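Same chain, two partners: subunit A is paired with subunit B first, then with subunit C.
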Partner chain A sequence: MNAGIRSLAAALAALPFAALVIASLAFRWTWPDLLPSTWWWEARGEARLPIGWDYVASPAARAWVGLATTATIAGAVTVVGLAIAWPAARVLAHERFRGKAVVETLLLAPLLVPELAIALGLATVAVQVGVAGSWWGVLLAHVVPVLPYLVRTLAAVEVGFDRDLADAARVHGASAWDVLRYLRLPLLAPGVAASALFAFLVSAHVVVVTVLVGQGRVETTATQLFARLGGGGALDPITAAFALLMTLPGLVALVILQRVLRSQTDVAAVSRLARDPGAGADRTRTLTP
Partner chain B sequence: MKRRARVVLGLAPALATLALVFGSALFGSLLQSLGHAPHVGIEEFPTLRHYRDVFTDPATPVALARTLLTALPATLIGSILGVAVGLAWPARRGLAGALAQLPLLVPYVVAVALATLWLAPSGVVSRTLAASGLLESPQAFPRILDGAAPWGVIATLVWKQIPFTALLVASLRSGADRLLDDVAVVFGASRFQRFRYVTWPSIWPAVVAGAVITLAYNLGALEVPLLLDGGTRDTLAVRAWRAYADADVARRPEAMAFAWSMTALALLAAAALLALGRRVFPGDGR
Partner chain C sequence: MPPGRHTCFRRTPTNGLGTPLRWGALLLAACASAALALAPPPIRADLDHDPAVIEFRDDFLAGDLAWDAVLERARTEGEVRWYHWGGSEDLNTWIESVVVPELAALGVRVQSVRVPDTRDAVDVILADAAVGRGLGRGAVDLVWINGDNFRALDANDLLFGPFADLVPNAVYFNLDESDPAAAVNLRDLGTPTLLRSIPWFAGQYVCYVDGVRLEPEDAPRTFVELEALARERPGRLTYVRPPNYIGTAFVQGAIVEGSGEGVTPFLRDVATLEPAEVARLLRPAFERLRRIEPFLLGGGGDGARGSPVYPPTAPAWERLLAGGEVDMACEDNIFHASLGAERGRLPGSVGTVIFPEGAMRVNKSFLAIPATASNPAAALVLANSLSSLESHLSKLELIGFPLALDTDRLTASQRSEVERRSPDLRGVRYEDLAANAVPDMHASWVGVIDRVWERWIALASDDEFVDVVARALVER
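Entry: the complex of A and B
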């Protein structure tokens, strides 16, 4: 029964995208045809204006601008987010202190407040501070939805780090730099990479905050798709193509995550080895790629 | 003392950023909802007029009903299906596991595009029915996306949220003791007894946490109802959006009052669900 549910869940999740690919390649796809009667490449010779993917690739569609903006903002948000969230996650994972529950709740609060409420407030603040409609404003605004995810995932990564290993290394004369270079970074890298990837995705997916703080002047792929949707009725090929572009970051993340998670189990195995008597610092050194 | 400094220094950047950006946003919108919006020429602070307008508007109960009618079924259905998928989630991440995560890895706007493509009157489902001779014309297809009941919105939210709950459940399940299951089998436990007394106690914190987060999201969701619902039956979030996007900037405080009412609703519902979860299953779990 489990195998049945698994296949059903996978099909339900993935099958809708097949129709999206077909829709993006269609020129004429009328009811009740199950497949388009004219494909985009069959009609491209006759059309005077660019159609289908020709249009998406043309400068007029600004798809490249959207992708570049998305990657730049999401990349910057990830770096800023890591710098802010990692130290906090480290403290939450390893220290006990008064008011810890309050701090944890505060750091997760943006998850429970509706994005629209945050966006409406941020839009006003951005106007007052003078960053509305600019990349800076959007970058700062994106830190809010990204922070809870980063703190949560990084804290989980930090909890997995065995501090006895660091103590053992110090007893054997390792400096703080050695511990960082040969223990913390190699052991934590896969987990941190995974949460950074997640942060990148969250930022790339934010729509309402980007639209309101960016005042329509900061175009990401997500806001471009948002602007094209909502006409009601059928989905035109170009909107379908934009929806596929918007799927791209997630697909790349999925592929990377599958690889990272696999290597993470390797790291866990080696770290168990390293804790064995007789397997000293030299064994740990082999961890570095 | 050194430990204390480490705690403070580690937390300071995150808390300061949160206070500056998130805190000022919430505070700013709260002030606006109370009549302080000098940037659009409104200065009547403090007034509860805008909240009164929101609560006495005859359209508000309709929007509230629409919001609840969307968020509650979506959370319930999504949680049930999420648990079913989570318990069947592959221990080894194969292709099925990777594909099943896809909805989690795309934004809601992509889910809206997919829902339009599949569930519209001329969509793929309608064409498939026509191909099997069950449908005469697209007009005969039920209005799933913008009908009287928000089925299209619910389906879209559920599709996005199944893997979220499933992954939460699967991660708690993988930490649970599998031996207990075998012991229960040896002592002749039925399928239902095994679920109720072995599986459920090990996963319910994940189920409650998933339901709390998805309920808070669904009550305030904007993109899906705004883009799918055709503008006839607005939820609270969509009404707040329309009030803000209105050419008349004097409606800004009203938008903020809507947003704050909606936020209060989402937080109260989340807290209530959390308390309910603790009360109904106090002995279960860890």
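Entry: the complex of A and C
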């Protein structure tokens, strides 16, 4: 029974991609034609300048540089963001203290203010600190819009962690490291991975902050796509191609995370480990890639 | 966590974090989040300049430096950061294949910085100035700019200075303040450039038709003919919705024609006119636009209100024409029909038409050096190189960017080379386009026209036209 539904879902998910792929390969595609009347490969021979994918693949388009920049920055932002947000989320999830509501609101503040409003302030700070126009500056600036998502989602993940399990493990002699290694990480991994993916995607989609803090010199796929859309928003072949490229880093990150998670989501095994940390020795081998 | 946990475990540091650490964790995240609270400080009056660069600027602007000395200094600076809108694949390709090698031969590395919007380049300059970075300290050396963005730099006193007549290729431009014909080189949508920017792109409003559906000879040449055609063939015309600039330009054409006084009354700041006078100038055009509305695409025909389709942008309008839904569309480049056909966006049967006769607005965009430039000599060398005849010709030939220099400054043989290397104009001649060109209105009119259109056309206001205009003047 599932096969039909699954293929329907797959078709629905693939449909917008199919439209983008066709648009990126079109030369002449006008209403009401269902498919392009002339394709890119039929026209490229006569073109004086590179068209469609020829342009996207050319060094002048800087598409590959943009992709590499996007992936590097988004990856680094995810790591830095997790390092900052996870401890905070943990405290928020498990502790009660005065002023907690205020702290929570403050942590969410970047979500409430539009990106445009924070971009110029961040750019000014970046110039003052001397990181404007560099990857470092953009990386640090991206942490700001990424944090609220991370704190919020990680807090939800942490709430789901029953600390009695940790207490029980400690009572039975597990060290703090054992608890982290064999209990917390395996149990929280799926949730943390989902948060990390969120952070990665947010960073890969930030435009105004990237342009202003990077002083235009740090080009990501998102800023490149936005430059195209500034021309009027037509889905011409090159814009379609950039839109497709834009989905690449996120898709790759998703696939990698799923592969990592598949080997970690065996909760029963994890619980076994919690009861008998010594059994972790052989498990460790299968966990490491 | 349910509250019923055993107290003996509550204080057990099972999570490995002590209290100070806990607060530290929150504080770190809160600080990062609070970075946004730092509003941009106002531009500092005392920009921190590099004295050596100031000396160079003063010597150059005083005319005390030979061009060779500028070239020499540009080589020392070694690079130039040119900020420009980065969404045109043609422009990007041309810069990488023509401009970069040309400047490399002069010992200057061109960094073409592609911004999604020119406003971003202005924001980068403002952010530099906000923390006091002046000449010799900023990120932007040269910027392709016009309109509001130029006005923002002008208003904040962030322009390098009057350089346009001091570069060798200034000979190709009429920069004589006393000559009315030079206004197009010396006014940027009404803002005096005071030679602080040099023309680089020449836009001219031009319309095009698909010859299969509407012969160029049958295309309207005036708004009177446009109205007749719309009544004759209902649902086959439309225009872009203001405030998109292509839409505003269409309405401006109707206004210039409708007022019967040409473009002259509109070259002044609108604030200097009485509301009644503004209404008198605008009324004929807006009444016509209201009359033709039922006959536009989706308009429903005679007597009906319908819901006409106003495309949001010029590319959307182009798609309506390419899809055969409308018979005429307009753009801001005289070679648009040619380029569109070459790129497959338009059918091969597309032709350019002269519309509206005597009211095809021309405006130029410019290259400007900000007062924060780190490499002003290299910026001057690049601006000069981009202003050469050969540079304009290669840009014209390869990517169809119209000449921004003045062709009456060229010799007969140079002019024939321009014609030879121009893309096909598809049915019109240079002379016809030039004969029907008018300068753009003073920028102050744009906001008024857009607001009147919104209320009088889009919202079909029942108010008196004079009141609609008066309100638009106040809101502007």
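Everything below uses one rule, namely that the second predicted complex is superposed on the first by the 220 of 289 C-alpha atoms of A that agree within 3 Å, B and C clash if a C-alpha of one lies under 4 Å from a C-alpha of the other, contacts with A are read in each partner's own complex, and residues count from 1 in each chain.
Here is the rule we use: a contact is a pair of C-beta atoms (placed from the backbone, for glycine too) under 8 Å apart; a residue touches a chain by one contact, two chains touch by 3 or more.
Since this is a predicted model, take the numbers as computed values, not measurements.
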Which superposed partner A:Val125 touches (first subunit B, second subunit C, both, neither): both
Subunit B versus subunit C as contact partner of A:Ala23, first or second or both or neither: first
Touching partner for A:Ser7 - first (subunit B), second (subunit C), both, neither: first
Subunit B versus subunit C as contact partner of A:Pro110, first or second or both or neither: both
First (subunit B), second (subunit C), both or neither touched by A:Leu34: first
Touched partner set for A:Ala155, first subunit B, second subunit C, both or neither: neither
Touched partner set for A:Ala196, first subunit B, second subunit C, both or neither: neither
Which of subunit B and subunit C A:Val179 touches, first, second, both or neither: second
Which superposed partner A:Arg163 touches (first subunit B, second subunit C, both, neither): second
Those residues of subunit A which subunit B touches in one complex and subunit C touches in the other: 30-32, 84-85, 87-88, 90-91, 95, 103, 106-107, 109-110, 113, 117-118, 120-122, 124-125, 127-128, 143-144, 147, 151, 207-208, 212, 226, 229-230, 232-234
Residue ranges of subunit A in contact with subunit B within the complex: 1-3, 5-7, 9-14, 16-17, 19-20, 23, 30-34, 83-85, 87-88, 90-91, 95, 97, 103, 106-107, 109-118, 120-122, 124-125, 127-128, 140-141, 143-144, 147, 151, 201, 204-208, 212, 222, 225-226, 229-230, 232-235, 239-240, 243, 246-247, 250-251, 253-254, 258, 261
Subunit A partner contacts - residues on subunit B that touch it in the complex: 3-4, 6-7, 9-11, 13-15, 17-18, 21-22, 24-30, 32, 37, 39, 84-85, 87-90, 93, 95-103, 105-110, 112-114, 116-118, 120, 122-124, 126-128, 130-131, 135, 138, 146, 159, 162-163, 166, 212-213, 216-217, 219-223, 226-227, 230, 237, 240-241, 244, 255-256, 259-260, 262-263, 266-267, 270
List of subunit C residues in touch with subunit A within their complex: 1, 5-6, 9, 12-17, 21-22, 24-26, 28-30, 32-41, 81, 83, 85-90, 92-93, 95-97, 111, 113-117, 120-121, 123-124, 126-128, 130-131, 133, 139-140, 312-316, 318-319, 322-325, 342-345, 347, 398-399
In the complex with subunit C, residue positions of subunit A that touch it: 26-28, 30-32, 38, 43, 47-51, 55, 58-62, 84-85, 87-88, 90-95, 103, 106-110, 113, 117-128, 132-133, 143-144, 147-148, 151, 159, 162-164, 166-167, 170, 176, 179-180, 207-208, 211-212, 215-217, 219, 223-224, 226-234, 236, 238
